[in-house]
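Each of the next two complexes has chain A plus one more chain, namely chain B in the first and chain C in the second.
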Partner chain A sequence: MIRRTLRMSGTLLTMLVIFGPLSSLVIWSVAEKWYWPHLFPQQLGFFYWAKVLQGDMLRALRDGFLIAIVVTVLTLLITVPLAYVLARLPIPFKPVILMVFLLPQAFPQLPVFVNSTTLLYRVNLGGKFWGVVLIHMVGALVFAVWTMTAVFKSVPETLEEAAINLGASRFKSFYSVSLPLATPGIIASTLLVFLYSLDEFTGTLLVGSPFVLTLPVYMYRTSVGYELQVASISALLLMVPGVVLLVLLERYMKSEYLSMFGRI
Partner chain B sequence: MRLSLRLACLVIALPPLAIVVWLFFLPFLSSAHLSLIREDQWSLRNYYLVWRLYKFDILYTLWIAFFSLAAVLGIAVFLCGYLRVHVNRPVEFLFKIPLFIPFVVVGHAMRVLLAPKGTLNAVLSQVGLINMSDPPSIAFGWIGIAVSLIWKNLALAVLLVLGAYRSVDETFLEAARNFGASTFRQIKDILLPMSRASLAVAGAFMFTSMLASFSVPLMIGSGEPPQMVMIDVFYRINYQMDYGTANALGVVSYLLAMGVAGYYLKTITQKEA
Partner chain C sequence: MVQVQVENVRKTYGKVEALKGASLTFASGAMTAILGPSGCGKTTLLRSIAGFIGIDEGRILFDHEEVTELPPQRRGTAMVFQNYALWPHMTIFENVAYGLRLQKVPAAEIRRRVLKVLALVEIANLTDVETRKPAALSGGQQQRVALARALVVAPKVLLMDEPLSNLDAKVRQRLRAELRRLQKQVGITAIYVTHDQEEALALADTVVLMDQGRIVQEGTPQEIYLKPTTAFAAEFLGVSNQLEGEAAAGTLCIAGQPVPYAGQVRGKATVIFRASDIQMEDPSASLRPGTVALQGVLEESLFLGAHYRHYIRLGDGVVMADSPEPRATGPVRMVLTADKVQVYGEQ
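Moving on to the complex of A and B:
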């Protein structure tokens, strides 16, 4: 009995810790008038939701999604073959290649991206859609290469050898044996790349501002400008894709896939 | 390998490598280069300026990172131990949520919660715990930043530490239980020592990420010194256009991350090789 009560209170405490900070966002998003120090707003309503859904935010939302889609497709196209090669073939300089794809995880991003921005402006991509896509791809590639290599490694090599023994070419054995078996892992990793791009802040702020606006940057601007309702609505919208993915994919997500998300 | 296969591998590896080298590796090197140049000449003046202007900010950043890391690991070690011994799926699921909430949103949420006229103070004032005419400001200071970093990183820590604990074989725990070991003893004497290596990697990873945190201090920082190092870099470039000092400060941040980064890179590549 005591044990069950303790367990229940533990779960409740966790809920308070996790949802407590987030709940103020919900309240602020529907607060039309809220004078301090009242516990609840004096006037509730969806005035700001209506306002937000016809302004700049929609543009930021649309651009952010567009960028995320392009980043995801490009990353997927160039990472799948590389991950397969890294997982299967004894290519030269493999440790060096792996190291290059780890560096961005191990060092602070901002001071590097400051100089990446200069490089992008030099080729006239600063403040442009494609500049933001490229800067997102740095992080996305690092994440995708590592997770997808792990996925291909988890497909038993013997299956492919069997196909090759039966006369299939390297490409055929990749295309009709390994690729289908790796598909679930690739899908999980792809969805996380999409989410990464959607949530990316530092690179977008440096490379895109003030011309390319995504939702995180928009939210930052409104929050710092004390448009608390607008910022809270954007924050809630930013949480939706992540939470949906979490609920859908919880069982498939291995910890290696997720450690990247300590950074965004 | 046959030549054609080698060529195919090269073609496959080139585009992703090119992007990461062009937009991370080269800029990484160029920060070292630019940090040594002042008014078009080689000089160490940028580092002198970093020392003069930012030494306290560096200490401040290290303090926040160490404090948050200690708190996160301290909580995660025991919380995960408990979750490993007595399975509790709802709690485990709840701790995954912050992983999917970006730092900017965490920053904004904590700003709304912890500001002088924020939600927390409003709740506390209802119960009469604080003085309404002079409400304490938790946000806009190091505690606000630390709380946000802890909240977000705890999710990651739970994920990694619990993963490490799960790979400890159940028979060890059973044996300990047969001798009457409490949950605490099972954590202290079995789970913790057996997953020390994974814990160190997780700790290294989180330490650099805290050191390099940018959006949280940007959202809830006070705008006045002391600031975290990443904010200094950003302001130095945005308001002063001073790339020399900003890059010197960047190099200092790489050096701070270096010890841990080296360890992290070594363990991960060893595991993969």
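Moving on to the complex of A and C:
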């Protein structure tokens, strides 16, 4: 009896912790008038939703998606061959190369981004679309290289040897054996990178604004400007791709990849 | 039918010398087994012949033509792997047809040859080879598919890297005999790497015994088993007992007991004899001349199904002896004929 009560209260508490803050977002997004000290909004409506959909937010949403797509494509193009080479070929200093990719994450984010911002402005990429793409790739490449290398390593080498043994060139064995078998892992990495870019904040804020905005930055600006309704709506909209992608990720991420993570 | 020659092959990995100058000829059309413990270099040798490993020194020749510099794709060998190495995302048909597709054989011909080789390895009655994937098959069936994939391209040499190790005992026994039959039927030069001595003896025309990168002995299965030339060979094959002894003219002292000895070894010696060659008698029975008799104490017996394995204390060591009947513990005399006792001097 006591255990059941405990379990129920535990579940309730968890749900409160998870959904409580979110519920505040939902209420704010439909609050037209809400002043202290009232516990609930005086007036509910979709005024702010309409306002948002006509305004700047859609542009931020579009730009954010566009940047995420470009970052994902570029990262894939660089990482897939690089990861294959790191996973298969005996290259000297492999640990060093992987460490180099890990470095940006090893330092506190803000100094790294602030420095990058000054660099990017110097080469005239500050406040521009491609500047933001580059700063996103700093983080995206880290995820992608480590994950993708683990993915290719999880394909048993004998499978490629069997193909080579029967006459396939190195490239053909990559294309007909490794790539198809690595595809679920590549999809998983793609989703991770896309989500990372979509949600990236600090770097985009420093490098992009006020000219290039993504949804997180837009959300920050509106929340700072006390337009809490707009901020809440942006937050809710931002959650959607996140949830969708994580559901997809759960489908594609296999434990074999995780077991190979970091093994050089 | 291709003859393979390996001349003075050396390969070093970092600090470890995996192959220390091995020279060997694999007769055309024969099945040669390379036998040895883990780390002896047998897999390294096989992979060098396949071309996956580049050797540091030496030559490899197929029918007297040097292939040492050729990449694996162009050597014309076909390998069967321990883990089958079937491609899980392709159907069984696609797996077997892969090599032929690379050679740009026309589709109708591919179909004919694939179905023919699947019949040869006895999985032709499998329905839907064109839709089923390897994961749907049992281990034994998967290995047959792997064998079919290797044979369908009509390779010059068939290389097998412990192909039966991943299968359970019953399947292994059955496939062993079939492999032998197939190899003889097709007449292909085959090289079979294994650490299982029973398998090597059963399958091969010639057995090559390797240890630590060197070839220890080469010969027919009977020669290797009955006339091992080194202590290592004697110990590796069969269920062996290895003891220290002292050899003199006419006498060999084993664990303090003198026995008649007609060999040439003098001084400290390694004495090896097999569990299956020991007869056990009552200590009070009369000694037969010309036999080697050792007195010990039977401490324990294990029932292994086909026979009993007795553990007999001799000096400060334990000797294993096999017999079909159980025996009571207590003093026992072990009797062997002189030719079954292998004596090796310091090496």
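Brief remarks follow.
Keep this in mind: the second predicted complex is superposed on the first by the 244 of 264 C-alpha atoms of A that agree within 3 Å, B and C clash if a C-alpha of one lies under 4 Å from a C-alpha of the other, contacts with A are read in each partner's own complex, and residues count from 1 in each chain.
Definition applied: a residue touches a chain if its C-beta (ideal position, glycine included) is under 8 Å from a C-beta of that chain, and two chains touch if they have at least 3 such contacts.
Computed from a predicted model, the values in this text were never measured in an experiment.
When the two complexes are overlaid on their common chain A, residue A:L44 makes contact with neither chain B nor chain C.
When the shared chain is aligned, chain B comes close enough to touch A:F113, but chain C does not. In the superposed model, more residues of chain A are touched by B than by the other of chain B and chain C.
Touch criterion not met for A:L248: it reaches neither chain B nor chain C.
By the touch criterion stated above, A:P156 is placed in contact with chain C alone, chain B being left untouched. Of the two partner chains, chain C is the only one touched by A:V177; chain B is not. With both structures placed on the common chain, the touch criterion links A:I18 to chain B but leaves chain C unconnected. By the touch criterion stated above, A:M219 is placed in contact with chain B alone, chain C being left untouched. The contact sets of chain A with chain B and with chain C never meet. Taken in their complex, chain B has these residues touching chain A: 1, 5-6, 9, 12-13, 15-17, 19-28, 30-31, 34, 86, 88, 90-91, 93-113, 117-119, 121-123, 125-126, 132, 135, 151-153, 156, 159-160, 163, 205-206, 208-209, 211-212, 214-215, 218-219, 230, 233-234, 237, 243, 246-247, 249-251, 253-254, 257, 260-261, 264-265, 268-269, 272-273. Listing the residues of chain A that touch chain B in their complex gives 7, 10-11, 14-15, 17-18, 20-25, 27-28, 36-39, 78-79, 81-82, 85, 89-91, 94-95, 97-116, 118-120, 134-135, 137-138, 141-142, 145, 149, 170, 195, 199, 201-202, 216, 219-220, 223-224, 228, 231-232, 235, 238-239, 242-243, 245-246, 250, 255, 258-259, 261-264. On chain C, the positions that touch chain A within their shared complex are 50, 52, 72-74, 77-79, 81, 83, 85-89, 98-99, 102-103, 149, 153. Those residues of chain A whose C-beta lies close enough to touch chain C in the complex are 156, 158-159, 161-169, 172, 176-177, 180-181.
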